[in-house]
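Before anything else, here is the set of structures, which you'll find just below.
Two complexes, one shared chain (chain A), two partners (chain B, chain C).
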Partner chain A sequence: MNFWEYLANRHQQVLADAYQHASVVFQCMVMATLLGVLIGVVTYRSEWAGNLATTATATLLTIPALAMIGLLIPVVGLGVPPTVIALTLYGLLPIVRNAIVGLRGVDPSLVDAAEGIGMSRTARLARVELPLAWPPILTGIRVSTQMLMGIAAIAAYASGPGLGNLIFRGIASLGSENALNQVLAGTLGIIVLALLFDAAYVLIGRLTIPGGIRA
Partner chain B sequence: MRASASGSSGPSDPSGPSGSSGPSGSSGFSGSPGAPGSSGASGASGASGSPGRRPEGGQGVEGRALREEGGGRPDGAEASPPPPAAKPPRVTWQKLTFRPAVLIALLLATWLWFEQADLDALTRNALSNGQVSKALWQHIELTVISTFFVLIIAIPLGILLTRRMFRRATPVAMALANMGQATPAIGLLALLVIWLGIGRRAALIGIIAYAVLPVLANTIAGLRANDPTLLEAARGIGMSPLGVLGRVELPLAVPLILAGVRTALVLNVGTATLATFGGGGGLGVLITTGITSQRMPVLVVGSVLTVALALLVDWLASLAELLLRPRGLEAGP
Partner chain C sequence: MPDAGTPGTESGSAGAAIELEGLTKRYPGSALPAVDDVSMDVRAGETVILVGPSGCGKSTLLKMINRLIEPTAGRIRIGGEDVTDMDPVRLRRTIGYAIQASGLFPHMTVAQNIALVPKMLRWPAARVRARVEEMLDLVGLDPGEFHGRYPRQLSGGQQQRVGVARALAADPPVLLMDEPFGAVDPITRDHLQDELIRLQRELHKTIVFVTHDFDEAIKIGDRIAVLRERSHIAQFDTPEAILTNPADDFVSGFVGAGAALKRLNLTRVRDVGITDYPTVTVDDPLQHIFERLRSGGVNEVLVLDKRGRPYKWLRRGDMMRAKGSLARAGTLVHDTVTRDATLRDALEAVLTDNTGRVPVTGRRGAYEGVVDVETLMNSVHELLEADRLEAMDAQHDLQEQRSAQTHAEQEGFGGEAKA
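And then the complex of A and B:
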């Protein structure tokens, strides 16, 4: 059975796995974005809190995904919970960092001007600083998503959802004629999903980055 | 920007790989490893206005490359206040001791937990006969060997790709690097195992293949970020191309290359946990045994040791980054 026959035969299962993969990554990214921007907003003003957040996220990023999942399993068990926690946590890191860098990079004179025309602190944040910091935050989101695609595949070993299951099934049945097809379907599926997400982010960037600061 | 360069994204950041001019390339990348932050500040100061906000994009080098910032922080802090007051020493006391202290505490806590845990036969079996130290040792071996190969492949290739005659190939290499990032490590490893058969060789090749592209991207970014006027000056005083490379370009790019070493090391510690799926051994063996046999102590030992090793390696690499950086590059502008 060659790869195309395999796909024709099993397309339902592959599509179901792909859907689950995309869905878990997407949901975790939404959570990570909200949390990440929130942490960025809370910490960027203070020198030490911002640096602490940056250092902490950088340190967490060095932890291998499999080890992180391994540490989560004794606490929350197998399946979806460790996957979601690990994905959200890893997804958070680039976003927090970029949010802090982006918010700190906003030209202070612009913030001053906003204050001068009588904007409240919240309005300044919502209408001046966050829109200006949005491009780097979006970049962080894209970096995170690519990373999560791969980490979600590993999480399948802890009975998580998604295309990683195909890869691990292939590894488990090494030597059988379908092993290659399964691994290939899982791997290519993840690459395709990553590219689709990336294209979506380009589109979101076009739609949401204010015209004035578009390069 | 690396991230954005992937796929079809060119438009969202024009300073992307298409930018052949020094400054645009450099600013696009400057965020990637903490180090270039400083070189970006001095070199590409002209461009750092609007693209100044782009550094974070650069960190895309690899999702993980962001971690460089951690190490880069202290010098970032020392460079950012415009009138640099008394410059802090390269290696601060806290930096030297904090991470190891945390690691020791972590290992101690695990050990204490073990003392009181009662282990069943299966667990004891999985952890006895020096199997833990064997896995740890295998893991270190995998990491060191793969890092060595990553560096001897990626750095010369990066130097080659930034020479005048190959400059056209640089965007291609960058685009490839971006595509490679979308490939899941576990899928790559599984394909190699199917292709080359189970064993350490397939695992090693997979680990190397996964880390070459980010390090290559780092090296290219570093060499391109060099201030073109310095190279011009070097050529102007009659240095040969080789002399420019050896005495100006490479020393200037040392911070970036060291950041690449760190990226490679940390990535490889992580990917090496997956070697177990290809029969390559390493600490991943303990983790997977723990998961499949539902023995939490085994799982915890494997995970804690992996985390400790990753943090230790990152810490050592960050020290190396601080100590080996050419002194002339420290002060910033």
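And then the complex of A and C:
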């Protein structure tokens, strides 16, 4: 059975895995974005807090994915929970770093103007600082998503959802007729998903970055 | 903020007085205060300029008025109300604030920028919309054209106009301006200064304006506070008084050379006599023009175009030489001034025009009269003479004031700031 025949045969299984893969990455990205921007907002005004947040999230990223999931299994069990926790943590670094850089990069005279015309602290953040920092934050989200696409495959190790299952199954049955096809389907699926997500981000950028600051 | 409630201006509230009393700002870790015990009264509807070398704390002083910088000590009263302990966010919504390089938010359109403060004050949407149009109109930008533009699509001068429009949008009685025209080119700066003078004549806000440019200060200020280090007031007086009678070496050093020439910046064409001059229009029959030239007792007439704007100077011999064609005869008018132009501008125009006079124009550039070199000379002489007399008076007052101050200090009271 060649690859195309395999796909025609198993497309339902592949699509279901791809859907789950996309879904888990998307959900983890939403969480990582909320958490990451929150960490950025809380820490960017202090030199050391900002640096601490960046270093802490960078350290998380150095933990091998397999080890992270392995360490989480005894704590939260198998399946979805370790996958979601691991992916969210991995997704944090680019978002936190870009949020801090973006918020710190807002022209101080604009912050002064915002304060001077009577904006409250919250209004300044919501209406001036975050919108101006949004382009770098969005870039961080894009980078994070690309990264999580790959890392999500390892979730299958903890019986998590996604295209990783195809890859792991293929590797486990190397030598059998469909082993290579499974690995190939999983890998290509991840690449296609990553490209689709990236296209979506370009669209989101168009829709959410105001014309006045679009590059 | 109590509204002064003066009707009569098209956009509502006029200025409110500002009283600063013993304002001090001390930053932790520095021995000397950045602003040291400044007291100052700004009258309602007055334009006061804070001018001084960089680092003298003039911006700090300004930012203490809307409490962007919280004073370490002292009181601030606006319109008689003590605002030193008021909620700063609410306070700032009642004080216009314009800064260098406009401070417009690049991600919002011109209209959104201007609407910010009225929206924060929860004006109804329709009123905000109308106000945005009104403000754009006020600062001389066509609402239809500029409404939806982003700041980066505007020139520096236009951005600054929008910045002023935003500051004035909620009709605050007080307007603070921190070197607002510092980042634009000299020609645009000149225009913007003229605009501000015109606006102020319409609106009568209380304006506190920070600059390091003394020429800018004398051009727009009703009174100027020359500040030395730590915002100590070296002299607080009218531009005329500072030019003709600087309080000390620091002030005269800051005024710089050419005080007599700078004096010309303080008087406007409207203050000297505008004389009438024989005119004809391009539509007049040639016969009529010949008669004017022959009977007018002058050897030159001013030709106005169809809309009554000065067009060209026509001498007696010109029509002959041009073989009776009005289109070819005469020399084009290449400079005009308005009634708001300074005598310096007028002198400049008169000196460059070989007729020795310059047409004065009003609305839409229509002819109103001329100013010639003799009028200018005479008024300058009168001005300088009057200044000299005033200076002698002031010298006398100053000495009395100083002795009174010394007395007060010996008694242990704080010095009077207006020394």
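One rule holds for everything that comes next: the second predicted complex is superposed on the first by the 215 of 215 C-alpha atoms of A that agree within 3 Å, B and C clash if a C-alpha of one lies under 4 Å from a C-alpha of the other, contacts with A are read in each partner's own complex, and residues count from 1 in each chain.
Methods note: a contact is a pair of C-beta atoms (placed from the backbone, for glycine too) under 8 Å apart; a residue touches a chain by one contact, two chains touch by 3 or more.
Quick caveat: nothing in here was measured; it's all calculated off a predicted structure.
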Chain B versus chain C as contact partner of A:Met119, first or second or both or neither: second
First (chain B), second (chain C), both or neither touched by A:Leu110: second
If touched residues of chain A are counted for chain B and for chain C, the larger one: B
First (chain B), second (chain C), both or neither touched by A:Arg142: first
Touching partner for A:Thr43 - first (chain B), second (chain C), both, neither: neither
Chain B versus chain C as contact partner of A:Ile171, first or second or both or neither: first
Which of chain B and chain C A:Ile191 touches, first, second, both or neither: first
Partner chain in contact with A:Gly211 - chain B first, chain C second, else both or neither: second
First, second, both or neither for A:Thr33, with chain B first and chain C second: neither
Touching both chain C and chain B, counted on chain A across the two superposed complexes: 132, 213
Chain A to chain B touching residues, read off their complex: 51, 54-55, 57-59, 61-68, 70-71, 73-74, 78, 90, 93-94, 97-98, 101-102, 105, 132-133, 135-136, 139-140, 142-144, 146-147, 149-150, 153-154, 157-158, 164, 167-168, 170-171, 174, 179-180, 183-184, 186-187, 190-191, 194-195, 198-199, 201-202, 205-206, 209, 213, 215
Footprint of chain C on chain A - complex, ascending: 109-110, 112-120, 123, 127-128, 131-132, 210-213
Interface residues, chain B side, partner chain A - complex: 1, 3-4, 6-9, 11-15, 31, 50-57, 59-60, 63-64, 66-71, 73, 77, 179, 181-188, 190-191, 193-194, 198, 266, 269-271, 273-274, 277, 283-284, 287-288, 290-291, 296, 299-300, 302-304, 306-307, 310-311, 313-314
Residue ranges of chain C in contact with chain A within the complex: 63, 66, 68, 89-95, 97, 99-101, 103-109, 116-117, 120, 150-152, 166-167, 176
